[in-house]
Amino acid sequence: RLYHILEAGKTTDRASLIFDVSMTLLILANVVAFALETVEDIGTAHAVWFDAFNLASVAVFTVEYVLRLWVCTEHRPYARLGAAGARLRFAATPMMVIDLLAILPFYLSFLLPIDLRVLRVFRMLRFFKLARYSPALDSINRVMWQERRALGAAIIVMTGALLVSSTLLYFIEREAQPEAFGSVPAAMWWSMATLTTVGYGDVVPVTVAGRMVGALVMLFGLGMFALPIGIIATGFSHEIHRREFAVTWGMVARVPLFANLDAEQIFVVMGSLEAVTLPRGTHIAHAGDEADAMYFIVSGEVTVERGQGALTLTEGDFFGEIALLQKARRQHTLIVSKDTNLLKLSADDFAVLSRRHPEIREAVLAVARERA
Amino acid sequence: RLYHILEAGKTTDRASLIFDVSMTLLILANVVAFALETVEDIGTAHAVWFDAFNLASVAVFTVEYVLRLWVCTEHRPYARLGAAGARLRFAATPMMVIDLLAILPFYLSFLLPIDLRVLRVFRMLRFFKLARYSPALDSINRVMWQERRALGAAIIVMTGALLVSSTLLYFIEREAQPEAFGSVPAAMWWSMATLTTVGYGDVVPVTVAGRMVGALVMLFGLGMFALPIGIIATGFSHEIHRREFAVTWGMVARVPLFANLDAEQIFVVMGSLEAVTLPRGTHIAHAGDEADAMYFIVSGEVTVERGQGALTLTEGDFFGEIALLQKARRQHTLIVSKDTNLLKLSADDFAVLSRRHPEIREAVLAVARERA
Amino acid sequence: RLYHILEAGKTTDRASLIFDVSMTLLILANVVAFALETVEDIGTAHAVWFDAFNLASVAVFTVEYVLRLWVCTEHRPYARLGAAGARLRFAATPMMVIDLLAILPFYLSFLLPIDLRVLRVFRMLRFFKLARYSPALDSINRVMWQERRALGAAIIVMTGALLVSSTLLYFIEREAQPEAFGSVPAAMWWSMATLTTVGYGDVVPVTVAGRMVGALVMLFGLGMFALPIGIIATGFSHEIHRREFAVTWGMVARVPLFANLDAEQIFVVMGSLEAVTLPRGTHIAHAGDEADAMYFIVSGEVTVERGQGALTLTEGDFFGEIALLQKARRQHTLIVSKDTNLLKLSADDFAVLSRRHPEIREAVLAVARERA
Amino acid sequence: RLYHILEAGKTTDRASLIFDVSMTLLILANVVAFALETVEDIGTAHAVWFDAFNLASVAVFTVEYVLRLWVCTEHRPYARLGAAGARLRFAATPMMVIDLLAILPFYLSFLLPIDLRVLRVFRMLRFFKLARYSPALDSINRVMWQERRALGAAIIVMTGALLVSSTLLYFIEREAQPEAFGSVPAAMWWSMATLTTVGYGDVVPVTVAGRMVGALVMLFGLGMFALPIGIIATGFSHEIHRREFAVTWGMVARVPLFANLDAEQIFVVMGSLEAVTLPRGTHIAHAGDEADAMYFIVSGEVTVERGQGALTLTEGDFFGEIALLQKARRQHTLIVSKDTNLLKLSADDFAVLSRRHPEIREAVLAVARERA
């Protein structure tokens, strides 16, 4: 039970959802408190409150940490290992290390005579506990890892540009501005701000030659930008759409009507289907509306209100086909009776699809006849 | 009638077009007036004119709002509800709320003793009435919504970077520049300006360690950029091209000659066809020109000027095929007699297409023989 | 003749090439002279030289303009119209209007008593005469036009952000910095510099609330960037690759061996072929080299040096197949005897292709047997 | 032997790897030393050490250069030429020219009475020796070359924008700020910083007209950004993925089970397979785990621990199929016995694949029966 609340991830469980939301809020409050405490006025005036809040937070996080460690034996992959082994291995996962770093400094401050101010920095690490709640961060990490070679090349190009530009500016400007361009490392500060198009303006070339080289460096910085974008942006967008694609594919493959389609045909059908998620109680259509689409139920439940009593449709069923086959108006009112995932197939796409796969049209007709 | 003018959206109707253009101009004039009124000199000198203009605008907008509310019962989706219900529901749509917010403050100023200056700000909201006239804004909204999880992850990464960089700079620079880096929130101002590559330069690290961390932050900001671009830019461009794709598909599917092609074949044919929109009176070709393409009429009308009298072709017809089949010159002059949407098929693509689908070539030949 | 030199575009003709290069240099020299003349010191010191150069340039450009107008009757599309009509129509094309604007101010200065300084600005327009020589500018224009609706939406979003941010900052900062944020238009200068991430730093919010709003504006500016990039960047890259695709397709379709493939098959074959352009005299292979590819000649000429005398292959021929069929070493030395466009098919791709299309393998074998 | 260490590129050889890593470190140390030497304090205080380090580096680089030149005759492409010819040709390759430029200035300083400071700049070139070790730099170069025409067009657009904006600002601001906008070249400095969104803020328009034009220039700069990104980013990402695609294709084509698939089918199969690289000693699965995938060995070795003795699988074999066919649990523990490249096929994808290609399912079944 506790394991499910702490680790389940899915927000279907009420207790799990409450836990996740309150932990997120506590983490954010910690980060805000950390930032405010560094403001001299506020930090000293309310020092007691900050300390109390910190103490409470550490307590909560410690309990959380210990509980996570306790229940980790439930984790399937660790079932094989002994309880101690499973816990040790679990404690070494990146998320648990971050959790430990978020609380450890507090305890260390009792043991070691370190400056408290330095320890306080580690409180900021609590923010990274949030990583547990965002699956998209995984995508970013994976993309960074996959593209590490391309990113490395971009860094080499960038470093080369940095070296050339700061060396040139050092030679050109060192007479005119010895304090800003007096050495290559000093010139690098300007180069870096220009190549990344940050452009502080605290250090700026003043000679004609320096400005001409400066203009070239700006232009190069413009092109520079394109490299990480080409790498991260396209990689990231691929990653996201690959995941969406997999989800839709899985939904289509689960509809019995499409069970006999091969991979290529599913791909074609996917283009015509639109995934729709509807909360309980939504009216999909009213009797008498114009019919422009039929629906497949991926999960959930839909009620058809007919004169002769309501019909309940569940996972794998489809509806709305009668009106579509005869280009007529809706005959029944359709209500979502449980939160439902639907695939919507418009009338036009149905026409195209039934021309390509007469057997699908036949199957739809057969069910329609049965229901009539 | 009024309903069509106010809501029709399509600019085919003259009255509707005039209404849309004059409303757009009035909204823009309001925004300019709002901005100018805040300039001390202009605002006090012409206060009377500004008030008069504001009064007139509020009058127009109020009439518009009431009329929209009045005619909304014509709206199909609301036909089911009673007149009052339909109006209440319509008033709750985002566009109507914006319309209300654009005029309400004026009326409130009579009831409540609020500072007029604050109320004036709401006049700026009138700009958002423009949203009604740009369908592309919908695309942007939809993309933002679809990619909300990815954008959330990007914001987490950004916030993490902001926290780490401002904490580091706070520790490094707080001795050297206590007024700029004296607390973490203060250091965040610099971090934010650097991570977004804005780089004001009003606050800049001065120590060697600070500048080294600063250079890393700039570099990270460069990569940072790639995330929203990867999310919004690719999502937005997909959205736009999906819409264009749907339009062309619809046009091809409406040409009788292609009626028997299945989805995959339509897809192949689409690649060869180019959509062309021509205004009335255009000469598509003159007798004697070299023939390099044939055309399919999606909508509109084209006149073929032949010796034995003009031939009028309409939706679904094609022309220009004779010259193409015999690689000859145009025999007739072709004039657009009504605004026309055409699909153009070049000679080369026709050769490829007729090899793949001999039946299309046959059909074209049959019509050509008939016309001769 | 003159027509070909002036308008031919292709750089195959010697005279045409020389003309294009010298015109480009003259235009660039004009632009440099225009910029330098505005530098007080240089402008007055060498006024005579600048005037002489300007006079000479205007003379050359005038001759060019008159000649273009003279020969435009050669232009096919205008053949129908009379000489005068053709010239009038040609003079109204954008490029000719730019050409006229580049010289007209000089002549006007004799007729009208306008300030010479203002007229001088029009000299800068001579730069745009260069547009004639860059086909890629067409692509950029076309993309801008195609995406005009999306760009319009981006501008509406941007304007909305500009209005909201400058209004907020006006209310927050007008007390603290009346000179910089004293009116909404004044605050717009800061908003604009921040939203575009330019970030001059000449105007910066100083209050805490102003900085918090400022940080949000920076973040929004980051997302802002993604819109034009999503529109222009992807549109532009599509446009470029569409053109390349068309070129390769045309090359493949011209190879007799692939004449019987339908559109879809050509598409598959295209993926395996690599376009190679080789100057005259290149040794493609030496007898005894390992063979890893065969070649198709799209245009040009290749000589095969055999013991029994050289064999000359031209457009539509292929070579290198013997070694490939038997995975052996090259038997002959292959030399390019005229500038040649080749399509290269690697050994691996040939294996895949011949499994899919045994008839291609047969045809290659037949030719190989013949040559042996 | 030496040839392999120096040029082999692949890091499979131990000596080669050590050589590459130590050369990389030496190059980086040189660059750091070069930068530090320009800092007045450090440069003079440790002048002796810097000179010694430089001397040592030049010695190492000279030996490296001579060795490379010596062994280059091993290089296949040069086998045909004589030893001297091969060496001359090799010395003219870009990498060898960089190597020469990195050491030559040191020797020249003995012959010519040039200022030592200028010569020192060339030390920075040693950084580019690193290019030898990053294959991704090739991709960047190739993309730049392929897109040279599009980049040229972008530069023309940029230059046009630069000219127009600096000319306008020159006319508008030259009265107000004669020192910053006193001539067109001076105004260009501002234009460049604004168009590239660097925005130093050292020069800023102050008049109302100047700021309005400035805002337009910023907006144009925003669009400007999209061009190189459209060109470089998409080109670069295509290039990278084209290479990855080729690698995966090669791996799939080498699996005997897929040998009879044609190009199109391999393409479909590729989408279902995931490339996995596992170091020696990894446990792929334990007996009793749930089975969710089967694996194909591209290279390396995997040991199946069965009761009746271990089974060793090598290149071209597959495993994990039994559990998959019967949706059961793993029967054996699978251990990687050599560094291995695997292709992973998930249970779901296997189901789809075996419906499309029953012969693959048959082949898998046959092997499974054999092993049982």
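As written, the chain order gives the labels A, B, C and D, with residue 1 at the start of each chain.
Convention: a residue touches a chain if its C-beta (ideal position, glycine included) is under 8 Å from a C-beta of that chain, and two chains touch if they have at least 3 such contacts.
Given the structure is predicted, the values throughout are model-derived calculations rather than measurements.
These two copies of the sequence, subunit B and subunit C, are related by a rotation of 90 degrees on CA atoms, to the nearest 5.
For C-D, the matching interface among the pairs B-D, B-C or A-C, defined by over half of the contact pairs being the same residue numbers, is B-C. Remark: among chain pairs B-D and A-B, A-B carries the greater number of C-beta contacts. Under half of the residue numbers found at the subunit A and subunit D interface occur in both copies, marking it as a different-residue contact.
Rounded to whole angstrom, the centroid-to-centroid distance between subunit A and subunit B, based on C-alpha atoms, equals 27 Å. Each chain gets a centre from the mean of its Cα atoms; for subunit B and subunit D, those two points are 38 Å apart.
In subunit C, the residues that reach two or more other chains under the touch definition are 188, 197-201, 225, 229, 231, 233-235. Residues of subunit A that touch subunit D in their complex: 80, 147, 149-150, 152-154, 156-157, 159-160, 163-164, 167, 170-171, 182-186, 188, 194, 197-201, 204, 211, 214-215, 218-219, 221-223, 225-227, 229-231, 233-235, 250, 253, 262-264, 266.
Of all residues in subunit D, only 31, 34-36, 38-40, 43, 118, 121, 124, 127-128, 130-131, 134-137, 139-140, 158, 188-189, 192-193, 196-202, 224-225, 228-229, 231-237, 240, 268, 286, 288, 348, 352-353, 355-356 touch subunit A in the complex they form. If you check the complex, the residues on subunit B that touch subunit D are 197-201, 229.
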